[in-house]
C-alpha cells in the first residue's frame, strides 16, 4: 500500500534522513515531502518579492510563501510525522498538527518523553506517539505492508 | 453586530480579564469562551474516568476530555484570540491556531514583539497581530460596531 | 456553557435516566436527545407506511424512518454518549460511533471493562471511555462548567 | 470502469479471497484493500511504540495505528464491502459502516439472513445486502462492466 | 423534538394543507416551508427585474429568483417531503430530491403506486415513501414525538 | 485540457453515440461514462442479490445498486451532459441534475425547445443548454481546446 | 420567511439606505449587514494595531481586520446584494462575489447596463441582476413573502 | 515537487508567456492552465448554442460556458497567479481571487504598485504579491525546488 508522508518540524537534527533511509532499506512504497528545511533559505523565501525593512513583514512574507508549499503538501499527504526537538519553540510544528487535526489528516508525533506534558493536547489528537525515528519506520513499515 | 470570541492560550496572566472587561466597558455585544484555565483542574480533567499510573496516559485522558470543550467552542466562535506569553511552550495555543486556520476561522494573535520570528507561521495565517489586550479590545470594538 | 448531548445505544437499562437525572441534580445547562428507545415502537416505525410481508423490508423501512431522527439529532449534538451493554449485538451503537467519527463529532463510550478488546476501534476514535453513568455525569459537569 | 473496493469485517473466514478470486476470474478492473487481517499482528500494531502494562492502552495504541490505515483506505475506495460473520461482536465492522455512511461512501453488507434484525440500521444505510461472496462478485461485475 | 420540514413538488392539489393541518391537529412542533406555490406568481418572479421577449430567458430569470428561496429553505430544513402528482413533468421535484440527496438531507417521497417504476432512483435515495398525506403526518408525528 | 464527462438521461435514442463520435472525430481528450443504458439489464441490477415478489422492492434494490455506479461517476466527472427526450418521465435525469447542482458540478442540459418551461429549474442551475448533440460536441471542443 | 442579507460594494451612493428603507416600508422580515462603509474608518481599521510607514502594509493590516467582519457576515447571510457603481475599481465587490460563488451563497448584482460586458463572469454566477434598488426591494419582497 | 498553476486575469500583455518560459528555462515541474485568453473567441463561447439578440444574454451564455473551464481548472490547481493590468475593470480576476479564497486555494497577485490601494482586499487574502513575472518565476522556482 502506497503512502504519502509529510515530515513536519525540527530542522536541526537528521531525523528526516533516518526515517527516509530506514524506509528505503525496507523497500517501502512511500513518498516523503517536507517544507524547506534550510533555515536561511526558508527565512528569505519572500525576499525575491522585494526587501522589507521591518523584520515582522519580512518574516510575514516568507512565512506566507512557505505556507503555499506546506499547505499543498499537507493536503496531499496520507499521514504526517510531526517532530518536536529539545530546543526552540517549534510553534510551526504544533500549528501543522492543529491543521492536520482539523482536516482529519492522521499524524504521528515524534518527541522524547520529557516533553509529554506540554505536548498533551498535540498528542491527544495524534494517532501515535514515537520517541525514535526507528519506531516511526517500524510503524510505516507496518502500515504500508500487505 | 454580535460576535462569539474564543480566548486561547496563556493561563498565567490576566489578559482574558483585561479583554473581557475592556469589551464590557464599551458595551460590546460579544460572548467570550475559553478552555478551562485552571491548570490543576485542567490536568485532572480525566481523573474522574479512572486513575492512571503513567503520566502520559493521565495527560492523554485529560487532554481528550478538554478537547471536547475546546473543539466545540472553536467551532462555535466567529473569531479566536490566541495568546502567547513569555514562558512555557504553549504548543496548545499554536495547535489551536492551526486548527482555526484549517477551518478558515479567523484569529488574532496576541504576543510581544520579541517572539515574532518563532511565531511567523502562526502570524502568517492570522488576520491580525496585537501586542496588548487594549489593542484587541479596540479591534473587537471596531469589528462589532455598526 | 450549553451542550447538546445525544444518547446512543443500549435500551434495556436505565443508563439514560441516570445521566439525565445526575445532570439535573447538578443544574447543568444540557439538552439531551435520543433515538426512540421503545423497542416495539421503534421496530414498527415504518408500519404506518404500509405493511410488509418480509421481515427484511419491514426492518428496512423502520430503520430508515428512525434514521431521519437519529441523523438529525447526531448532527445537532455537540457530543454523543454511546453505550454498549452486556447483551445483544448493538451494531447500531457502533454505527453511530463511526458516523460521529467521520463527522468529527466527539463521543464518549460507556461500557464495562470486559468488552474493551472488541470495542478497541470504537474507543480509539472516542474522546473518552466511562464505565459508569456517574463518570459521564462528572465529565459533563466538568465540560459545561464555567 | 475501474473500482477501488475496501473489504471490512470478519477475519476468520475466507470471504475476502472468494471475492478477490471471483473478480479475477472475471477479469474485472478492481483494486482491493483491507485492514490488517492477521489478528495477532493487528493486536500488536502499537507494540513497536513501547510496551503497555494495561490492556486498554495496548489496545488503544494498536487500534489507533490501525486506524491510520483503515481511514486512508476507506477514503480512497469507491465502495466498501462490510462483512458480518456468525461469531464475535464485530463492532469495528459496524463502525466502518457508520464511517462510510457519514462520508456518503457506498457500501454493501455481506451477512446471513439470521442477523438481519440486529443489522437493520447498518443495512438501512447500505446500497445493497448480499448473503454470499458470489453475490458480491456478481454485483461488482455488473458495476464495473461497460 | 422540533423539526423544520420543506414541502417540495406538486402545486395543483391540497397535499400541503392536509399535512400542515394534520400536524397542527396533533400539536406537533414542526415549522413548514415551501417554494412559492402560486403558479403565475412563480412564473413571473423575475419580471420585476425587466421584461424578456424570449420565454427561455423569462423562465430562466424567474427560476433563478425562485432558486434563492428554494435553496435557502432546503438548507435550513431537517427533512423534505417531495410530492409527485399524476400530471405534469415535475422535474423540479426530482431536482430537489437530487439536491437533498447530495447534501445528505433526508427526504420522504409522496406519490401513488403507479409511478413507482419511473421514480425508482428518486425513491432509492429517499428515507421513506408515502402514498397519502396521512402517512406523512403519521411519520412526522412519530419522528417529532418524545 | 482533459475532461471527464458523465452522460445522464434518455436511453432510447443515440445521443450518447453522436456526442462520443463527434468528440473522437475532433480528437478531443475526453473520457465519457454513463450509467448502465440497457433498460432490462438496469432494471435487473439487483436480481443477483435475491428475487423480490414486490415490484417496489425489486426496483429499489436495482436502483440502489445502480446508484453506486452513478454516484461514483458523477463525483469523478468534470462536467455532466443531462439529456431529456420527448418521452417518459426521466425523473432520474432531473435527480442527477439536482445532485450535480448541490455538489457544484457543472452540467449542460440537452433537450428540445418545447420542454423549456417544465425544465426551467433544471436549466436555471445548468451552465449551458443545448438542443442538439452537435452543439454539445462544439462546446466540449471549445472547452477542451488549448 | 426571514432573510439575512449582506450588502457588498459601492460606498459612495445611498443604495444601501434605499434598499433598507424600501424593505422597512414593506415590513419585510429582513436583517441587513455590511462591511464598514465609512471610507476613512475602514482604511484605518488596522491602525490601532500599530502604525505602518509603508502604505502596502497599512492597507494590508486594515484589509485583514475588515476581512474578519466581512467573512463572518457573508457566511451568516442567506443572500448578498453586490453593487457596482460607475466609479472606482471595486475589486472588493467582485472578490465578495467570487467568495459567495465558491460557498454556493446566492447573490444579486446591482449595476447599470453599461457595465454588463466587464461584469459578465460576475453576473454569470449570480442568481439575479438588478439595475435599481427598487428592483432589489421588489425581489426581496417576493422572496420573503409567504 | 510538482505544481499545477492556474493563470488568471489580464489577456492584453504577455505575462503568461513570460512566466511559462521562465519556468521552462529553469526546468520546473509545473503544469500551467488558463481560461481562454483569446478575447473574441471567449466572448463567442456560447454562440454555438444559438444566437442571442440581447448582449446581456450573449455575454451570459458565453460566461457560463467559460465558467465550466475556469471552475474546473481552479479546483485542479495548487496555486493561482492572478494578474491585474493597467487597463480594464478585470472584475473576473478579482472574482477568481474571491473564489480561490473561499476554497482556501492559495494565490499570488501580480500587479504594479500604483493599484495597491484598490486591491487591498484581494491582496489581504493572497499568499504573496509580485510586481513582475520574474518575481513569480522566482517564487515558483523556490516552491517547487527540493
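All chains are identified by letter, namely A, B, C, D, E, F, G and H, in their written order; residue positions are counted from 1 within each chain.
Here is the rule we use: a residue touches a chain if its C-beta (ideal position, glycine included) is under 8 Å from a C-beta of that chain, and two chains touch if they have at least 3 such contacts.
All figures in this text were calculated on a predicted structure; none of them were measured in a lab.
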Query - G-H against E-G, pair bridged by the larger set of C-beta contacts - result: G-H
**Report entry** Selected from G-H, D-F or C-E, interface repeating A-B by over half of its contact pairs
**Finding:** G-H
Report task. Compare the two sides of the subunit C and subunit E interface and say whether they are made mostly of the same residue numbers, over half shared, or of different ones. Result -> different
Report task. Report the inter-chain centroid distance for subunit F and subunit H in whole angstrom, where each centroid is the mean of the CA atoms. Result -> 31
Query - Averaged-CA centre spacing for the pair subunit E and subunit B, given as whole angstrom - result: 44
Query raised in the report: What is the distance in Å between the mean C-alpha positions of subunit E and subunit H?
Result: 40
Query raised in the report: From the C-alpha centre of subunit B to that of subunit H, how far is it in Å?
Result: 37
**Report entry** Of all residues in subunit C, the ones touching two or more other chains
**Finding:** 64, 67, 104, 129
Query raised in the report: Quick one: in the complex, what on subunit A touches subunit B?
Result: 55-56, 59-60, 62-64, 66-67, 70, 84, 88-103, 113, 115-125, 129
Report task. Report the residues of subunit G in contact with subunit B in the complex, numbered from low to high. Result -> 33-34, 36, 41, 45-46, 48-50, 61, 64-65, 67-69, 71-73
**Report entry** Touching residues on subunit B, where the partner in the complex is subunit G
**Finding:** 1, 3, 78-79, 104, 106, 108, 127-131, 135, 138-139, 142-143, 145-146
